[in-house]
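Letters A, B, C, D, E and F mark the chains as written, and numbering starts fresh at 1 in each.
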């Protein structure tokens, strides 16, 4: 009871703080300084049409590197924690129900289309909304649909681990190349900028986003695989 | 008179929003989790229309990409809930 | 855009209230997810400018007029990162819940008193 | 040989899909797209068998799409009329029907069409037997229900998927 | 005002009315399977018509809109089939008005054997 | 502009209702579905706030994958419980 009262008082305090914040909020009419700079220079300097991409990949590239590391650490943590030792008691495995024939046929039909759409999302990240993270999530969901439709489906851990580590290494390598060949870490101008508005433009951004997409996709798929694996 | 198509589009947006509210009511009421899953299914399909309507009113073709991602992920979500219910996860 | 701030703050409060009062550990994590959504909504709303369009330059937004036509892209980039990290953190916490459950066979937080003095 | 046909077919489908979605015109982009489509279809191997095309099949497919669209509209007007009445007039039940189709793709299209058309919803499939929830049961027996629900679509799908 | 935008907006309005009726059906129908009937059919046609109308309004979007329509027409029946199958397996009952349930008879026969 | 305000209000109300439902419904699966619905509504609001990138991320990760991870975790904690009693 005391605990509930305490939480109630805390919520009231929080409410008062937020209310005060809301009262003093002023509507902004134009872009802030740094955003204005990005909007003016982004398209001409980096050749990207999507300004969010130019911020995520290049201007704030180090943040993205940190984020990818956090994701990697989380995936590793899940894998290490859910690893099963020999001496632990083994739960009795329940009989799983096989999915219907319709769902299996539908999965065979839809998975290539979904993977292709994921590829579209991360390779067109500099022209349309999306990028490595979203594309990776879409590819991971294609793997997941295979898991759902077939209870015996297994992913190839060697290939997935290889793709994950190789894309991570190449991502950092491209970043370091940027220091030597262009203006700084993760600068995309190590490759020619190309014609504005086509797929192969904006220097290294499609390459970087492909690597991020593969890495995020394999990591999310391996998180799901670890969560799925029952007592085997 | 020039504004007629725009006004009709706005009216359709309100119809679609009303549909979402009804699906939400089923989500609240639904006695079992399968009923709530049906509400989720209905709601996601209606939302795709809403997204495309927003894209039309804003006049940006790029919003359609969001609609496609939404369609893919909502389909997989409903299938996952179904597989959970029948115990095949 | 005052409405959107109100919605975001309300979601934050509901999520935190749920986290503080619920007993089930999975519900606590769900409360965290709701609060997260609220915070992200408020952050995106801070970058919104009335009457402007998305920061993607195509046929609808010519490059030279971009400064006067687009909303602020910086909060959007930040929130993008926050969402991905959010799901990773959720997965990690759920893993802890699974491990705790395998030890004590209970999802209720009141069962775990080992650190209480 | 069969494998190569599969890969080429799936590459063409994926490239077409990507091309319509991006509406690009530059040759460079199309080459990139075709390469990606080939890559995806090689790594994903268990793609469905490509149907052997012939003019008769294409004509039947076009007829089928039109027929299906008309049926869907009829289904919707039916459901809409039921919904707006103060007391919903229904007479539901699950009936059993048989199908003659053998190819998985044909069965997928058959069950999807049944789900989309008047008052019927596929609940389960077990070999050749379909279990269908019918909002207004007109015939409880297997043969009569098969006649009323399945045979209209089967006529077209049998030709298309042979 | 051009003819195509007027036609497109009218088709969109029709589609949105179907969507609304589908949602109403989901709210009003007595049991899960009937709700699913209303939910799947009306919302699929409603979405198809809404998207088609917008494709007619902005005819340069037509290709993308058609792909979305095909995708929805393929996925929506599959997901509702999976849901109906799961619900029947779990034993969620049909409404009292139902006249027959062959699948249940089949299952109980299998259990006896 | 009134249209936008109207959708904001409707969506916001639905979101808050779904959030409260998620916290107070007994059944955990319904609770997870409700959180997924909150994420999907948030995705539409991001679109109205002119942030398509964020809307896509929220739809893909917040509503899709995170719901599934919750379902898997629930599955793993549930089946042992049924054996227990």
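Keep in mind that, in the parts below, contacts are C-beta pairs under 8 Å (C-beta built on N, C-alpha and C of every residue); 3 or more make two chains touch, one makes a residue touch a chain.
It should be emphasised that the depicted structure is a prediction, and the values quoted were computed from it without experimental measurement.
Path length between subunit A and subunit E in the touching-chain graph (shortest route): 1. Looking at subunit D and subunit E, the chains that touch each of them are A.
Centroid distances built from C-alpha atoms place C farthest away from subunit D. The distance from the centre of subunit C to the centre of subunit D, each centre being the mean of the chain's C-alpha atoms, comes to 39 Å. Inter-chain spacing, taken between the CA centroids of subunit A and subunit C, is 15 Å. One simple way to say how far apart two chains are is to compare their mean CA positions; for subunit B and subunit C this gives 21 Å.
The centroid of the Cα atoms in subunit B and the matching centroid in subunit E are 12 Å apart.
In subunit E, the residues that reach two or more other chains under the touch definition are 22, 24, 36, 40, 44, 46, 60, 64, 67, 71, 74-75, 78, 80-82, 85, 89. Chain contacts: subunit B has residues 13, 20, 37, 58, 60-63, 65-66, 68-69, 72-73, 76, 79-81, 83, 85-87, 89 touching two or more partner chains. Residues of subunit F in contact with at least two other chains: 50, 52-53, 55-57, 60-61, 64-65, 68-69, 72-74, 76, 80. The complete set of chain-chain contacts reads A-B, A-C, A-D, A-E, A-F, B-C, B-E, B-F, C-F, D-E. Interface residues of subunit F, counted against subunit A in their complex, comprise 52-53, 55-57, 60-61, 64-65, 68-69, 72-73, 76, 79-80, 83. The part of subunit E that touches subunit B in the complex is made up of residues 1, 5-6, 8-10, 12-13, 15-17, 19-20, 22-24, 26-27, 32, 35-36, 39-40, 43-44, 46-47, 50-51, 54, 57-58, 60-61, 64-65, 67-68, 71-72, 75-76, 78-80, 82-83, 85-87, 89-90, 92.
Residue ranges of subunit E in contact with subunit A, taken from their complex: 71, 74-75, 78, 81-82, 85, 89. Subunit C meets subunit F in the complex at residues 1, 3-4, 6-7, 10-11, 14-15, 17-18, 22, 24, 26-27, 29-31, 33-34, 37, 40-41, 44-45, 47-48, 50-56, 71, 76, 79-80, 83-84, 86-87, 90-91, 94-95, 97-98, 101-102, 105, 107. In the complex of the two chains, the subunit A residues touching subunit B come out as 94, 96-99, 103, 114, 117, 121, 128-130, 134, 138, 141, 144-145, 148-149, 151, 228.
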